[in-house]
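In what follows, chain A forms one complex with chain B and a second complex with chain C.
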Partner chain A sequence: MAAYCRSCIVNMQKAFQPVKFQSLLLHNIRRNFGTSTICRGLNGVPNKNLRAGKQKISINKDKPLTYEQTQPPNLIGVTKSWNSWNSGSLEGEREKNAAQIVFDDIFIRKFMYGTWHNLFASEVIIKRQYNQIIIAGLIEQSNHNNIYFLIGYTEELLSFLLKCPVKVEIQTVADKKDLIFRYI
Partner chain B sequence: MAASMSQAVRLSCRSLLLIRSRCCPCSCAQHTAVSSAQTTGDVVEKIEIPKRKKRDSLSILKALSSTVGKDDLAPGYMFVDDPYLIPRNPREQKMFALSKSSGREAARYMISKVPDCFEQDTAAPHIPAFMPPKTSYDHTDPTELALIERIQMRHVKNAIEIYQHIKRNGSNLKEETMLRFLELLCVFNGQEPPPVPHPETVFFSSQEAQKKPRFKEGIKDASKTTWDNQLAETLFEELPNKTPEAYTYLIRGMAKYFEADKAFHLYSELKEKKISVGKEVYDTMLRMSGKYSTSSEECFKHIQDLFIDMSAAKVKPDVLTFNAALKSLNKFAGFLSDPKIRGVDYVGRYLAEMKFLGIEPCLATWAHVLFITCFQKNSDGAKLYEIIDHLQGQEMTFQDPDDLTFFSLAIKKVFFACKDLEIAYKIDELVNTGSNKKFLGDQNQINDYYNYFFRVLCMFETVDKIMEYYERLVPHTWLPYRNEFPFLLDTIEVEKAYRHLPRIWSDIMVNGYDYISLFADRVLTMMVSTTHPPELQHRFAMIAKHIMKTRDDLIEQQKKMSVEINAPMMGNIILLFLRDGQFDEAWNHFERYRCQHTKFAGLMLDDVYVEMVDNCIMQQDVRKAFVCVTLMGEMSASNQREMVEKIKKSFNLTDSEREELDLLVSS
Partner chain C sequence: MSATSVRSWLSCRLKVFGDSHFGCVYSRPFLTSTNLQNVQENTDRRYVKYDDNIVETETEKFRVFEIPGLKRVQRERRTQQKKREYEAQPRFKQMLPDQDWTKVWPGPATFKWSVVPFPVRQGFIPKPTIAGGVPPGKYANTELIKIPNFLHLTPGHVQQHCQAIKKFCTPWPAGLESDQKCHKHFPLEVVTQDYCFSGSSIRDARARSATVQFKLSDLDLDYHARDKFIRLVGPRYNKNTDEVTLTADRCPLKKQNYDFIIYLLTALYHESWTVELWEKEKTLDDMEKYFWDLNASRKNILELLKHIHTIEKDLKLSPNVKALPYLPENLSEENLLALKEVKSYKEAVTDLFNEDETKENLKKYKEAVRTLLNIQTKMMSPS
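Entry: the complex of A and B
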């Protein structure tokens, strides 16, 4: 255990350094926002001119997309749903917590993609109820024991990091290809 | 972890309370309705509405949870409700839960390695359970403050080190600090406290603990179970003023680590000096008296003395006191349950005393009574009927750790002593009353309870009723082990309820290869014993196919395990295919047997050849019928001659073919 973990500890120390971590974030920050108000055409920009969050068509039209990816951002709340569920956008909450919630969500997503390496088949859905964070999503089926180990590990570690009960509620799919909705 | 969860629940409870406070109109409405009814004068019964109902922080959550029951068809809360991740057999159940627990353990390890990454405190109010363990000390000099700090953090080894430093320096300690230090030493026996295991580990790892009763006291490491605490005793001697507290700590510490003689010696010293101590000391002494005495008479005397001392000291006993006394008597249960000794009377005396004092016995009390009175295997279990009748319809509250042993013990007594279905149903009804299910205990005890309940059902109940229970319990509440399936198969065989076989087989199958090889023969024999409706026949053929496929897969993968198939089983498989109308499949297996019959031990039943020839005639296949009778000759089956005659009648044979047949019979 000790020998195995020594390199992990070094990595952890690097990853959790506050300053370094933030600079890392700035680098990738665009990728982590699923949507923003700009994507939804609030400024009177016609829908056809909006590019953000839309998939480009490939030359051979063989790019596989999940249902989620096929729906453009302006259809959030119409044909697809949000990836983060919280009260951060409500009056009174916005000033207090919104930034912290977004920051935490980005961290959780990065943590999930890293820890559950190559397992997630869908987006990571983060729901906040009271003081509890629920992390949901679809994963590919692999060894049962590994999945249960990761659930325990993630719940415990994130609870200690975010100081609130964190729960992982996942469902499995036999193959990532099962989620392909359309080729474009 | 438990602390953190309770904190979490408390936090969410607060928001619920907020919602509740806005809904007061409904309670007002209720009030006016009652008062108006009273003014009309029709109401005879007066309803008194309390002005204020006392609520604790969990009462609203409890009220909410009382509106929903447990769903028997959902997996336990520690598992993921996903078809792929639901455990299918007891082994998987344990593996998954322990995997999760070891994941938590790994996270804790990481947190303890890099605690400064987890130091930020964003929670309001502060949640101590989510903070990394503190490793550094505020006070490093050997002073009293440093000792107090280590005592509060429960770092026994470091506290001892600091104490020895202080002693060497010759400085004095306050009496209060010395008492606290003595308490620490006594609770943990001068050793570092064992790590608190995760709930999943506790739930599944009691099997080892049950074998060794000493582990029941909550000590996990076998090397630390003896009282080896010279330091605590010296510290006690050095105390300037030996307070009742000091005696309490030392006696309880000795009792916890099974040092009965010293504990009794200390107790007599305490009695001589006429020091009054609390109820805990008497409880501990009562629990130890069984260990201290060599005969039941001696044990009774000790217990009686202790009770007399208690009444002299005006210490009020409660249910735990009596439980402790009865637990000591458990040691002599074999002797007491002898009808000549009338041990029941002794137990009755304690129960009468409890009634006199107005103490309601809890499940642990009844468990001890049951254990003592029905210890012998030939006892009629009369006491059990009384106990269950007394408890019927009650919802229990948790009072004693031994409460958890009652139900599994009671149902075992039903199976071994009473052999009565009625009482088993009554016990099950009691288990399902309110939230009594939580008294079933950990996984091992739950399995015990349901195993024996099921065995009693299989003894007396009709198969449909058994299957009704089976469908409800399996797989989420209980998973049958290899010892339970034979009971079930017996019942099915007696009642000829073969329609349930596919369901049972699917449960046998998920347990793995060893279960398949264990039950394949039995199930195949049952399936071919009579003919069935076509749909069922088809499902049976599927089972036969599955058994063959499992065997072939294992051979192909060159695993160590194997599913043994002998010739009678092979015959049954062929019969099942024939009866399902799968002639080709049956023929393939027949050919396989014909070519490699040395690999299958034993001989096929004659019925197989008969039905095979009949089917060949139906298919109008002369060649296959010939192969059949040839094999019959080779295997010296008894009715070869009849079959030959049958073939001669059913087919238009050429002369050479007739000759060939005659040759077979004559040779």
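Entry: the complex of A and C
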């Protein structure tokens, strides 16, 4: 029994090593960068050869897309705006906070997709103001008691994890299909 | 209309009264615009549902009696029925035109389509066939959620804010009416920064630095002390504005850095007033500017005047034809230096060295030389 417990503890320690935790998240970073400005003109590659974040046309042209999905990454800041709003790209802030902000945002997105499973109709929008983080987005209407719980749970847990006030500003749409902008 | 209360957690979490047949009110017949006809059914639904331009006229129509069972009624699926149960009437539908907007939108918040009563659209449509030919409206529009809004800063809000903080306001202190008076009473300007970050650490290394600014003329310094002070602070002194800027970030805390600057200022002040032994070894090359009295110009002028005087004496000229009638009989150094011709020459040469070779300074020098040597030729006019 004692040996079992010890091995269990060792396993837990391994699982919660900070390096391990980081590599686990970094593994999925590429997926989260899907619509970031990083794609823009990287290494002088012409725009027509960039495929990240661009949707393929289906055979029957019946693939539903939201407005966010129709705009390719090179149009961020032109026809659609960023999903993360912060001052991390400003001079002086860049060296200090940018990496931390990106890392935290990825964590928040993963947390939201897991906790609000299958509820989000839009992307998770993260806005940072002063010392607080505002998480906004559109979700499908469902049982309101669950949503009340989720809002409180998310705010409480993320505030504790990120050590700053976190506000969840969620709105509802009747149907996820209401976000469909066009079919390609 | 059955006034059954629909459970609503939408927007402001108010209990709202909704129509149980909500959703049937908005239907296809309202789409009369030609460019909307080719749009697919799903896209239609989105634009019809909460479109601001479409007026609800369904309720005003003549009601036709329908015999039950005569027509085939399409029943809703149970899942759809259940979904509709949660669907609430948006708040902007129940707003009065003369409502108090500050009560609706009390503070900064993300844009809510269900609360904002005015029509607004945001988005880009590449072709008129897409999305009904109009940019997406406020319903289910993610772009409007992203951008910052100022719906919490209307004139009404600002007025209420002002009223609320009025009781904390105190009258402006007497005696500090102008900038000059403020500067006189508070000659030191201290600049520090605070940084706010929405992350796991509130520490910021940049917040430790402190800056103190003051005018050098506010310090009680004589010529030597002032010169020494400027030499000690080096590039921290701005000659044009007469300001000294002292910055420190060597200590880990802001208070410590500020204390260090004050210590530094005290040390600089007292150090400036002390005259060291080696300072007496200052040569002409070490001078911070041109001093006529120490330079060869003084000696040359005095010798020249004396020389002219001796020549005139030897020739025994009458005072009327003397080259320099202003020269006194006694040619002591004090007498010569007190002459206004010599004084103006001294001033002109000093300005020429210490300031710049500007047009005015050169003209002044020319006039000084002419008066000193009594040259009274007129300028030849170019013919």
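To be clear about the criterion, the second predicted complex is superposed on the first by the 155 of 184 C-alpha atoms of A that agree within 3 Å, B and C clash if a C-alpha of one lies under 4 Å from a C-alpha of the other, contacts with A are read in each partner's own complex, and residues count from 1 in each chain.
In this text, a residue touches a chain if its C-beta (ideal position, glycine included) is under 8 Å from a C-beta of that chain, and two chains touch if they have at least 3 such contacts.
Quick caveat: nothing in here was measured; it's all calculated off a predicted structure.
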Could you check whether chain B and chain C clash or fit when both are placed on chain A? clash
Answer with first, second, both or neither: which of chain B and chain C does A:T79 touch in the superposed model? second
Partner touching more residues of chain A, chain B vs chain C, is chain C
Taking the superposition as given, does A:Y113 touch the first partner, chain B, the second, chain C, both, or neither? neither
Touch check for A:F160: first (chain B), second (chain C), both, or neither? first
Check whether A:Y148 is in contact with chain B, with chain C, with both or with neither, and answer first, second, both or neither. both
Just to be sure I read the superposition right, which of the two partners does A:Y130 touch: chain B = first, chain C = second, or both, or neither? both
Touching both chain C and chain B, counted on chain A across the two superposed complexes: 100, 129-132, 141, 144, 147-148, 162-164, 169, 171-172, 174
Residues of chain A touching chain B in their complex? 1, 5, 8-9, 12-13, 16, 100, 129-132, 141, 144-157, 159-165, 169-172, 174
Contacting residues of chain A [partner chain C, same complex]: 64, 66-68, 71, 78-83, 85-86, 92, 96-97, 100-101, 104, 121-123, 125, 127-134, 136-138, 141-144, 147-148, 162-164, 169, 171-175, 177-183
Touch list for chain B against partner chain A, complex: 4-5, 8, 11-12, 15, 80, 82, 84-85, 92, 95-97, 99-111, 113-114, 117-118, 120-123, 127, 130-132
In the complex of these two chains, what residues of chain C are touching chain A? 7-11, 23, 40, 42-43, 45-46, 49, 83, 86-88, 108-110, 112-114, 123-124, 130-131, 136, 139-143, 145-148, 196-202, 204, 206
